[in-house]
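You will see two complexes here that share subunit A, one where it goes with subunit B and one where it goes with subunit C.
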Partner chain A sequence: MRFIILIFWIVVINTSVFAQNKYFTKQGYISFYSHTPVEDIKAENNQVLSIIDISTSEIAVTLLMKSFEFEKALMQEHFNENYVESGKYPKANFSGKILNLEDILNGNNKIAEIMGSLTIKGITKPINIESKVIIEKDTITLKGKFMVAVADYNIKIPAIVRKNIAEKIEVSFILTHQPYNR
Partner chain B sequence: MKNLLILLVLLGFTYILNAQELLDILENEIPTRTEYVTASFKGTRIINGHSIENRKKGILEFLISHRFGKISTGEEQLFGLDESNIRFALEYGLTDDIMIGLGRSSFEKTYDGFIKYRLLKQSIGEKKFPLSVSLFGSVTRKTLKDYLPENKPNFNDRLFYTTQILIARKFSESFTLQITPTYIHRNSVQIDDDPHDVFAMGTGMRFKLSRRMSLNAEYYYTFNPLVSRDVTNALAVGVDIETGGHVFQLMLSNANTMVEKAFISETTDNFFKGNIHFGFNISRVFHVKKSKTITPTDY
Partner chain C sequence: MKRIVYIASIFMLLVILTALFVFIKVYNKPHTDVKASASDYTVTVENIASDFSQNEEEANRKYLDKIIQVEGVVKHVDIFNGYSTVTLTDSKDITKTVVCNMAVSENMKTVALQEGQKIIVKGICTGYLMDVMLVKTVIIN
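Let's look at the complex of A and B:
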């Protein structure tokens, strides 16, 4: 019995004590870029939510697909209606762990290695991301890019526009976190 | 040993809980915002008539529509394909809510100009609104010289005005319904018993079959039809097929015309007697102005 209580306390402490060490943003920036010889397609989202828990090195990112803005209004409609089906799958999520956060916080490294899983259209795949880290006063900024294969996430491209849309999309991010006091 | 194992499992468990906890925090922080319902219909037309949808600012659409002859004419006329009415038009989004268009129909050599204004938008989230409402007005001018030289009508005699209130609701991702109260004014009529003002009620729907295809249907009921001709109500069924910058609409309809005053008040063929016309609308969209400029960020 005493042992169970002990475990209980470990669990409680494990989750609550470190809760003060969170950094958060809801104005993060994520853009994607599809390049083909025929057409370049760009879209950006300035309402990305991201949170880092420096006590556990964990990070989570979430965004609404409908917040992506395109240069061409019709493309935005097609993106939501036909490609990512944002009515059915409104969000994309990432959750993972910064493997070398301690090194970074000690100032020994400026490139974070992040391992986690990316969920788009209800499909979750493991992904490794490298990111620059800029620590200023009390903000933590992550900056970087990674590639996503559209086929991995059940995003189907019809034959007629296959030359216009790249198989791999470059995703860039700038996430400036501030202390989270709630 | 066993206890240690339990401890490890529990610690692992809290790790998972923690990751989920972070996502949950984000979930609660997502700001509530007003989200306008998009793609109630795919095109600016349901089939023959207008839908609540507009082309967005800076988009120019070239629209080519055909309605062939009656399928019931049989093999000799290749089921109506030997004859056709054509309308081509340029339609443009002045703002996200106002679009204008100019068209020419081969039927009675008719010119038409219209303006459509997106008055209210269906929305969810912070500010909810259950309906989309658009206002539509058009002027049509018949230029066919179907009169004797001595009876030459003046310019105004050949004008027709159509006013519509388009009211639609997207009930789900796959189903949208529209009703369309319509008022048509005819500056001149063939006989005195013909009404100058024709009132009609349109209904239309879209049912999404797949990501790029939908089944559409449309029916216009006329309350006070013309009496100089044996007119019927216009009925149409069709499919929308979407490929990138194009929307193809294929339809079967008892109307063989493509402007409001004509297909609503002057349709004479009976759908259920096989007097059906095959037809299509094809549009090509040009982005004249970018709706937003995105400058690539450097890392």
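Let's look at the complex of A and C:
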């Protein structure tokens, strides 16, 4: 009997929390960080669009390259004009699948394994990302970081500043999704 | 002879100092001061959102990196991580939206905004996702 009641509550709680299939945010946060002995470079973007469909375990993230804000205007200018050519390639995309979403929604796991592909500067490469998952009330927050090799995306860095920019850039994300009901 | 060396070394020093000065000046070039700059376009949420939804490429060419003054109605205000975002909408068509990432200097004013309030903001356009995006936005009225 107790077991049945337990099952009943699990079902009730799960359906009340996950009655929605789609969770999304328009104000996701993604930053990147390049560390070298010469200088540290950081840029932040607070306008990231991310959608999770829990019925298919799919996740899609899109951002505008020009929305990255740097501490130094000169860095921002070089980033947009020379490195990522954001006039020509305004967006970066990630689309993938959360492999263990069921475990996470059941509360058995708090680390999501996400497999997908990342598109920057028109070049798409496969990538695997691990992310913390925080589920509170009706929000799903993904939080984590991964590394991106500059050379993978045909980003050419002139010899003169090669010592200033890391070969691998650390990308951090905090995406707090809410039920999509608009 | 000594005098020539003396003059030459002063000259060299001046050149090095000037180069250093120029380097620091360029390296620390300030960000565009949105508040002090004149806007390139003055639009309503309806205008700019329609331009982007009809032809994104053309709208990108027109608006990207430009300072845009937008008139709209506050739909909601989000605060996260010390940054605030204001979503503006059209008074008639609420599907048309502009998302403004506010300049940190505007935080106090942003917090005081009420939903449904009519405001005019100015920011730099960075493109279009589901909404038109502005960064470094300041409230004008």
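Rule of thumb we're sticking to: the second predicted complex is superposed on the first by the 161 of 182 C-alpha atoms of A that agree within 3 Å, B and C clash if a C-alpha of one lies under 4 Å from a C-alpha of the other, contacts with A are read in each partner's own complex, and residues count from 1 in each chain.
Here, contacts are C-beta pairs under 8 Å (C-beta built on N, C-alpha and C of every residue); 3 or more make two chains touch, one makes a residue touch a chain.
Treat the numbers as computed from the prediction; the structure is a model and nothing was measured.
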item	value
Clash or fit (per the criteria above) of subunit B with subunit C on subunit A	clash
Touching partner for A:M115 - first (subunit B), second (subunit C), both, neither	neither
Subunit B versus subunit C as contact partner of A:V38, first or second or both or neither	neither
Touching partner for A:T56 - first (subunit B), second (subunit C), both, neither	first
First (subunit B), second (subunit C), both or neither touched by A:N46	second
Partner chain in contact with A:A73 - subunit B first, subunit C second, else both or neither	both
Partner chain(s) touched by A:Q27 [first = subunit B, second = subunit C, both, neither]	second
Residues of subunit A touched, compared between subunit B and subunit C (which is higher)	B
First (subunit B), second (subunit C), both or neither touched by A:L64	both
First (subunit B), second (subunit C), both or neither touched by A:V161	first
Segment of subunit B intruding into subunit C (one of 41-49, 59-67, 131-139 or 203-211)	59-67
Common ground on subunit A, meaning residues reached by subunit C in one complex and by subunit B in the other	26, 29, 47, 49, 62, 64, 66, 69, 72-74, 77, 87, 174
Subunit A-touching residues of subunit C, taken from the complex the two chains share	26-32, 60, 64-65, 78, 80-81, 83, 85, 87, 99, 101, 126-131, 133, 135-136
Residue ranges of subunit B in contact with subunit A within the complex	3, 6-7, 10-11, 13-15, 17-23, 25-27, 29-31, 35, 38-39, 56-59, 96, 173, 211-212, 242-245, 285, 287, 290-294, 296-297, 299
Contacting residues of subunit A [partner subunit C, same complex]	26-27, 29, 46-47, 49, 62-64, 66-67, 69, 72-74, 76-77, 87, 90-91, 174, 176
Subunit A to subunit B touching residues, read off their complex	3, 7, 10-11, 14-15, 22, 24, 26, 29, 31, 33, 42-44, 47, 49-51, 53, 56, 58-62, 64, 66, 69-74, 77-78, 80-82, 85, 87-88, 93, 95, 132, 143-145, 156, 158, 160-161, 164, 172, 174, 180
